[in-house]
């Protein structure tokens, strides 16, 4: 049991206590709509079929409302492929 | 790694088209059913990975180079961002879904009536195809490069 | 009458001072000001003065004489390549006197990913206490 | 497509054009290598021109928002369903820094990476990293910020390990990806907490509806710690010397920009999203019957002064440890990396002084007790110095890293013990290094002095000891680089470095750009502060304006 | 209070991953810890989407008017989870690539023995 593990245990327990408290403070799992107000998601559920024409509201969000996030996501995959190919490249010409 | 036994290869070659068709179905119906470009692309890429495992990385690399895969992937990405620029040039904003509701373009323009047609939702099926192409090429390129780099050399 | 003259002189001084200060107000830092151009002018003047003082030196100084030779307390003079001071020997005394600090720092920098994440957890806990409780 | 359309679309194009260039690079590289390099430089120049247009418009006309997918920014003027880019003075200022670093890095890497393989992927990743930096800087959406943070970190960790034949480079890349992914995951956890409370992801909407519950404070702590680790603040700095020291110099130049984008995240989150607590001033009636808003304003704010002091302590640790470690190094790029760490401390010191200078006292006006919340006079000057030092640090440290790369190209040596007498063969490089030395150690008349002077004075007014420590760290920085100047450039010629050539023209050109900007900033700091820094300070300290940029009629 | 057990599961996943990263020296185990943290965060996001007795946010056929829209769970957290899953895949691929190269260079996966050589 070195000094490092003692410090790790102390601060890890502090972080654990705070995170569990915060988990207990989030609104209860599965709230009714009279309990919590979800304006943004309600708007999307109401209007996504008319505005995007997609029956799948998640696809409507992914490709229309938050399409730029999807572009970034595709870019992340592209970046990972380029990085893997850069690292596994041949060093001789 | 020079491939597995003949039984495995035969079963792979039987199961590969089914997995491929399933993934393409998920990509094509991304805006109607659960799924989309990423999920279907992952299915097809796992089918390609099955080919890779059973036939061996050396054989697969001889069949298809990873350079071509990266070109394919960049084509998919260009298609995806190109649709965004399409919305910027012909529409008003970047990523504007200008095909929805515009009756003058024959395909991909109806709203969701007619009980969930394949050609609804404007840009979304096209974006699904682009992303699907990109994910297939990207994931298969990653798996292929890793497998080829960690292959067992002769004499080891 | 004399008072009026004094007022005029004072006002003139104030005007001159205000114009100078308004020119100097290049970068006002809340409690002071800084003008690089004025600084440059002063630096050039200082160099010029140093050059003039250099002119007062003795003209009849011959550097070939014995007193211009290097004297290393009788030892022979080193070659030029050997006289270059290696970088790890610069500030040797400073590093030697602060050895205890550097031992702590070297102990801190274990090139180990887990320790990096441990420091992150430590800071996160401290910030939880500072922000969440206090 | 006339100029007004370009100005209107520029926030999207600044991110989209480097992405398009990155996607096109594998196809262009199939044709010709020289064409590929020209293509990358062209993309960087177009992006910089767009940044200049956007910055000019923002500095003159105020906040500009761009909605991806069209439509109004907000639905029913209460919630945002689409991704917004909201560009105010601070965003434009950071974008200017990023564009300068971009152009210089790509011009520099033309001959820096000659006869290396894998240059196609290198240029692709450089363009992706640039796009990620611009996205982090310009975005107005929390989740979008996270996505671009991940793009930047993945691209940069792949580029850090460019020299794959060296084991330590791979090790540095692995450490960087572990650090950045864990930091980004905790940032995403905080974003989820905020979403669970307010059902919003837009920064301005969050800033409008933030209510400082316990969960908000937890989210604030998570965001600050994650971004501080990405920004390399002591004691979470240990990835930084590895990453900066092992990467190619052109990549290190962009890593400085990525680090400062994370630092910008700290600025934006504390001063804009949680801005109600961090820069609200005013007087509140102190009585038992407080309305809800005033009650929040008085009672449930996080303790800004203690946060400011913890930031000040971290900044002092950063400065001192960075300088002391830099004094010991014998590897040139590691030494400059620790010096960059010390420079980061100065920026953090400014914002910490601003937080710590907040006070709340009880005043009696016409026989009623009021609680007065305000800042002491020197907070704005501290923030000005801190924000001015961001661009100065980017330029100075960038120039020094480019000089280190030039030395490596000329001599294939990284250890200072094997160097010496380079000034006889590499005259221009020596001149650039001396300019960088004067600038980074805060000597007049270069730009480092102007910003450090403001930081010294504001810090001295808060607490004289902190100001003295800052000045001492700056003096030690001068000692560090004088050591480098002595052991690398001065002295007699080393026998095995007899036939060292000056580096090629393009690298000298890239270094010359930064040197000219440093001298101009040093000679005319007032013009820079009045035209670039002051709008950024006014934008970052005014969270109501940031909210009003999206909401109309509030 | 009792209905918060999914969030407690999320926090426990994150803490287990963090403990794995802190206390383990094997690079593969560090990567496993990072993926555990990531699974916890994804579970958190997808937990936020659920509302009591709500269906998946997919329309079966066309809904003529806004009043007969079924009671659906929130679509935005689904989208965020999808994005974060793909990002996690990319990060994982890159980390495994680094580990393969490190094992080639040093013939070990112990974090204490990697990158210690003098150049």
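Order of writing sets the labels: A, B, C, D and E. Residues in every chain begin at 1.
Going forward, a residue touches a chain if its C-beta (ideal position, glycine included) is under 8 Å from a C-beta of that chain, and two chains touch if they have at least 3 such contacts.
Bear in mind the structure is a predicted one, so any value in this text is a computation, not a measurement.
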Taking mean CA positions as centres, which chain lies farthest from subunit E? C
Counting C-beta pairs in contact, which chain pair has more, A-E or A-C? A-E
Note, CA centroid farthest from subunit D's centroid sits on chain B
Report, in whole Å, the distance between the mean C-alpha point of subunit B and the mean C-alpha point of subunit D. 37
For subunit A and subunit D, let me know how many angstrom lie between their CA-based centres, rounded off. 24
If you average the Cα atoms of subunit B and of subunit C to get two centres, how far apart are those centres in Å? 61
In subunit A, residues with contacts to at least two other chains: 8, 12, 15, 18-19, 22, 26, 38, 40-41, 44, 49, 55-56, 58, 60, 62, 64, 66-73, 75-80, 82-85, 87-88
Multi-partner residues in subunit B (2 or more other chains touched) are 33-34, 36, 38, 70, 74, 77, 81, 84, 94-95, 97, 112, 116, 139, 142, 146, 149
Where subunit C touches two or more other chains, by residue: 111, 113, 115, 117-118, 121-122, 124, 126, 128, 132
What chain-chain pairs meet the touch criterion? A-B, A-C, A-D, A-E, B-D, B-E, C-D, C-E, D-E
If we count contacts the way the header does, which residues on subunit C are in touch with subunit A in the complex? 115, 118, 121-122, 124-126, 128-129, 132
In their complex, what parts of subunit D are in touch with subunit E? 143, 147, 150, 154, 157-158, 161, 164, 166-168, 170-174, 177-178, 181-182, 185, 188-189, 192, 195-196, 201, 242, 414-415
Subunit A residues within the subunit D interface of the complex: 18-19, 21-22, 25-27, 36-41, 43-44, 64-69, 71-73, 75-76, 78-80, 82-87, 89-93
Which residues, counting only subunit E, touch subunit D once they are in their complex? 14, 21, 27, 30, 34, 37-38, 41, 44-45, 48, 76-77, 80, 83-84, 87, 90-91, 94-95, 98-99, 101-102, 105-106, 114-115, 117, 119
Would you tell me which residues of subunit D are touching subunit A in their complex? 19, 22-23, 68-69, 75-76, 78-83, 115, 117-118, 121-122, 124-125, 128, 131-132, 135, 143-144, 147-148, 150-151, 154-155, 157-159, 161-162, 164-165, 170, 173, 193, 196-197, 199-200, 213-215, 218
